[in-house]
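Sending over a structure as structure tokens; questions will come in a sec.
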Amino acid sequence: MIFLKRTLPLIITFITGMIMIVAFFSGEGLPSIKSLESTLPKWIQIIMTFTMVLGAFSLLRINLQKISRKADGWGYSLVLIIGFLSMAFLGLITGSWPMFDKPLTKGEIYYVLCEDNVSARPIRVIDNVKDKEGKIKVEYVDDKGEKLADTESAMIPPDTARTRIMSYANSMQQILFVGVFKNAQSTMFSLLAFFVASASFRAFRIKSKEAGLLMGSAFIVMLGNVSIGSLVSQILAYIPVIGPYLNIADIKEWIMTYPSSAAQSAILIGAMLGYISASMKIIFGVERSHLGGEG
Amino acid sequence: MTTLLITTWVGALITLCCFTFLIKDNPFYRFAEHLFVGVSAGYYLSTISFHQVLKPNLLAKIWPTYFASGTAAEATPEYILIIPGLLGLLMLFRFSSNLSWVSRFTVAFVMGVSTGIAVVTSAEQYLIPQVKKAIVPLIVSGDYFGSFSNLVLVVGTVACLFYFFFSTEHRGPVFGNVAKVGIWYLMISFGAAFGATVMGRISLLIGRFNFLLSDWLHLIK
Amino acid sequence: MSIFRRPPRSFVPILALILCALSMSFLMADQTVKSTVTEHRQGEAALCCSDHGTTAELAAKPAAEAKPWFAKERKTVLIIIVLLLLFVSYFTFHAQRKDLFIRRISGLSALEDAVGRATEMGRGVMYIPGIMDMDDIQTIAGVTIMGHVAKKTAEYDAALYAPMTRSFVMSVAQEVVKQAYLEKGRLDAFRPDRINYLTDDQFGFVAGVGGIMMREKPAACFYLGTFYAESLILAETGNSVGAIQIAGTAEPSQIPFFVAACDYTLIGEELFAASAYLSKNPREVGSLKGQDMLKLVIIAVTIVGTLLVTISETEFGKGLTPLAESFMQYLK
Amino acid sequence: MNIFIKLKNLDRRWVFLFVALSVIIPLLFPFALPVVPTKSVANLHKFIENTEALPEGTRCFLSFDFDPASEPELKPSAVAILVHMFRRNLKPICGANWPVGGEMAEVALVEAANAYMSTYDDMKAQGKLAPGCKPIIERGVDYVNLGYKTGAIIHVKALCNDFMYPYPQDRDGNSTAEMAIFANPDGRRFAMSDVGLIISFTAGTGGIETFISMAGEHKRPMAAGCTSVNIPRFTTYLQSGQLVGMTGGLPGAAEYETLIERPGKGCAGMTPQSIAHLVIMLFIIFGNLAYIAEQRNEAKKKG
């Protein structure tokens, strides 16, 4: 059992790791090994999506437990579960279109997305035979199926048209996706503007020489990025001798390209050495905590 | 049109709820937080994991007639992909407490492939180009400032690398000073990177307020 | 290295067998590919001949050219890896006999105090191993350090919260933490539901973690792994609830925010040194020393290269130009 | 002095309030701050102005390598550059290396084309249009949106030889083979060598760096529009001369808009941006004053 539980996983890691390294160095003379360089990463991607089941299960179990125990704030857990299940369901069926539906029928009314990408408008299929660009002929109608007076018939790709139910599902999904997901996402992202301010207020204090350098370069770069910076440069230009050289934007650019980029290179070089040796430790089985214990 | 209106209103309310995070923990934020977590997890499960990864990369390759469309439906099935499929399924043994060790084979496989790639690609794509970047002529003819700048670059790279030495104490006249210069460089670099990012972050906030003030309230055009 | 030093009895023959089988199958596969290519080319040539009378040139050309088995343009990478392997194995061996020194890394020394403080205050500890999946080496480093932190929380009996953004990382982290609690004999205190999955979305995750932080008010927060824009949101929220914060990442664009908002920051390579530093395992310390040696080589290459390029650009050093060029060739 | 010490322990929510106000007030009551173009933006403008490098009717390739998250930063400069190209009677060909780049390009193209056509008469009267400019510009003749294609480097490599092969149709499904914009006088297939300038609006990976890595094959001048986070990374390419110019973030867009005398989203965003920057810098200064005051107090107590 120890062999199965402990040694075999180590052998698997060693062999796959070695294969990837050999594949990287193999030339065109070894096409089947060379091809593994791109195949195996794709496999990894597939394998990792299977664990989504574990994640979804963890999310559901914890929140269902809270609800059943009526724990503090169980109502929010209910919100989470409703959001999760409805988005998962809507995503599953809208993404499957047109898998679950028949081909479009002539004379029937379907719905296509409007330019705002959220709402849908009704159309009637005039001709369901695809032309050479794979499109079909439709006309725009109102909700009762009457042709709209001021519109002409149009050519659309058939997979953009949906049945009424699918169009409702799509609208619901768009409300959740655009209304909730996208907006919450960009709002959380934009909170950074506030946190950048509070962090710089607290942290940029000249407590030591190092802190002074940190603040100084941050200050110059911030100043160089906005129009006030050029105003300051114009004032500084009045200083005799060195004045004309004190262009904030130029100083900013110099800091970015020389001292700052030198430090960035060094960080990257160090980090990459760390990457390589950490990887080697795993391939050779020195580091094995990710495999857990004997049990 | 109504869908757009609902979306805008839902969006505006969620935006405001998220902003209350700045004040303190409150029911509005908690509501938005839980809804956001739920919706995004649902989106990743169905749309990303299933429709964008599993379906095109696995199902459509093994059973093209059922899952692929167009010309791809006539492709020959790639049965080799059953291997990653099986390895993925092994992960589900985590549900069992006695057999959860079976999933170690998958973990081992994933670790082997990703570390194998990391060893070589990090050297090729980052390490070597960064070393090359630091090698510049110290004398640029006729350009004293350029020569000075190049010197700053080389000294900085070397000094910062010394800072990362682990097997020696950062003390003594040579080592202590060089490591100290390294720290100065790091600080300048951190300050500059911080300052440069501020601008982008504020642009994002402007985007949000633009949404609230123009798309929702129509106060500005 | 370890599996070579203490091979389980059955290990060597099995490994040899598997390697043999693999290489055989690959070679055979390549032979078939080559032969089909040959046939195909010959068919082509025959077709050309019949169409245009003669294409002797094409027919005479060896159909399957001897293609290289080694990608020559990648030789520098090979040199680096072999060098590192040599250094590491030398010092690993060396470390067994003599204790090697590691300099103090203040962020890691503070780790235990932070957990202790959380226990004193009766509050929990939050651990986030980055937001990327297990194929990212920083995540692996983060999960490894998590094992050390879990040992401390098991010892002090502090609650360990670890919300996760990837299911795969969640399942590995649960295993690692369970093992740590087992080693400390506190398996009864292990709570897998506190190592839970939230969502794959970057900002959805941030929203969830922010909420947990505000409600649970952890006394210590650890952010060790790959972080992107969320770094500052996490660190500022942690700061506002009064937590001691220790961060570490190799993502150059995010280090500044951690430096500004956290108490201790592991910069770049320090994150990977953490495992050796905390475990004091001679093999790991030896590999750290090996890394240092390679760094020394890189510094030497930089200095020599700079001098070469500088001299070859001056009037007197023209003769050195070909040497400098061939030197730079290696860094292509 | 006491004020400063109180300030040191200022609740961070006050900081938040000031940041929010510094963005909202200038948005509600807009006023203009002077925008001074920096070298990299001015160089790009000069290059597009230059009739020798880009004679009238030259086709330019614009790659939209971003998604909605970076739209506030990148779209304004894309629109400004497109308007400038229309006024110079250059013909933009838009493509994308990012999946939603095609949509981003569409929005920018529609906005720029409308901006050009609605100001045509004024600009004509002022003599700021190239002689060949038409009052109405047409899709497929004066500009085209090809949309997204996978493959990044491989895709760009394919474009170097022939545009029609990877793009048999444009984004809307119209056949590209008959389009006037792709016609060559000698009947050759349109390829990258016919392009006068390549610009990529890049949010992260897969943007201008793809074109730079293929520079050996296409040998065309290149320029970039990038998000502010990426400015440090791309400055290197400006220095090495691989890029003729660059617009960085919203300020870059504002500068370009100033150069073509058409204030838009970029200029509108610059005022709140500058004010917010100023507020943050003031907070840093106050923080330091508070720190100094505190140090002095402590020294006094000890003395």
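The first chain written gets the first letter, and so on, giving A, B, C and D; residue counts start at 1 in each chain.
Everything below uses one rule, namely that contacts are C-beta pairs under 8 Å (C-beta built on N, C-alpha and C of every residue); 3 or more make two chains touch, one makes a residue touch a chain.
This one's a predicted model, so the numbers in the text were calculated from it and none came from an experiment.
With centres taken as mean C-alpha coordinates, the chain found closest to the middle of all protein C-alpha atoms is B. Two chain pairs, B-C and A-B, are weighed by contacting C-beta pairs, with A-B ahead. Centre-to-centre spacing of chain B and chain C amounts to 15 Å, using the average Cα coordinate of each chain.
Per-chain Cα centroids separate chain A from chain B by 8 Å. The mean-CA centres of chain A and chain C are about 22 angstrom from one another, to the nearest whole unit. In chain A, the residues that reach two or more other chains under the touch definition are 10, 14-15, 19, 21, 24-25, 41, 44, 48, 51-56, 59, 181-182, 184-186, 188-189, 191-194, 196, 198, 200, 202, 204, 214-215, 218-219, 222, 225-226, 256-257, 260-261, 264, 267-271, 273, 275-276, 278-280, 282, 290-292, 295. Contacts with at least two other chains are made by residues 74, 77, 80-81, 134-135, 137, 140, 168, 171-172, 175, 197-201, 203-204, 207, 252-253, 255, 257, 259-260, 267-269, 273, 288, 291, 295, 298 of chain C. In chain B, the positions touching at least two other chains are 18, 21-22, 30, 32-34, 36-41, 43-44, 91, 94, 107, 110-111, 113-115, 117-120, 122-123, 127, 131, 134, 154, 157, 161, 164, 186, 189-194, 196-199, 202, 204-205, 207. Across the complex, chain C meets chain B through its residues 74, 76-77, 80-81, 100-103, 105, 134-137, 140, 168, 171-172, 175, 197-201, 203-205, 207-208, 210-211, 214-215, 252-253, 255-257, 259-260, 267-270, 273, 277, 288-289, 291-292, 295, 298-299, 301-303, 305-307, 309-310, 313-314, 328, 331-332.
Only residues 22-23, 192-193, 196-200, 202-207, 209-210, 213, 219-220 of chain B touch chain D when the two sit together in their complex.
Across the complex, chain A meets chain C through its residues 2-3, 7, 10-11, 14-15, 19, 21, 24-33, 41, 44, 48, 51-56, 58-59, 61-62, 65, 181, 184-185, 188-189, 191-192, 195-196, 198-200, 202-204, 214, 264, 267-271, 273-282, 284-287, 289-293, 295. For chain D in complex with chain B, the touching residues are 13, 16, 19, 23-24, 27-28, 30, 71-73, 227-229, 231-232, 249-251, 269, 272-273, 276-277, 280.
Contact residues of chain C toward chain A in the complex are 1-4, 8, 10-11, 14-15, 18-19, 22, 26, 29-30, 33, 66-72, 74, 77-78, 80-81, 84-85, 88, 133-135, 137, 140-141, 143-144, 147, 164, 166-168, 170-172, 175-176, 178-179, 182-183, 193, 196-201, 203-204, 206-207, 229, 232-233, 235-236, 239, 250, 252, 255, 257, 259-261, 267-269, 271-273, 275, 283-284, 287-288, 290-291, 294-295, 298.
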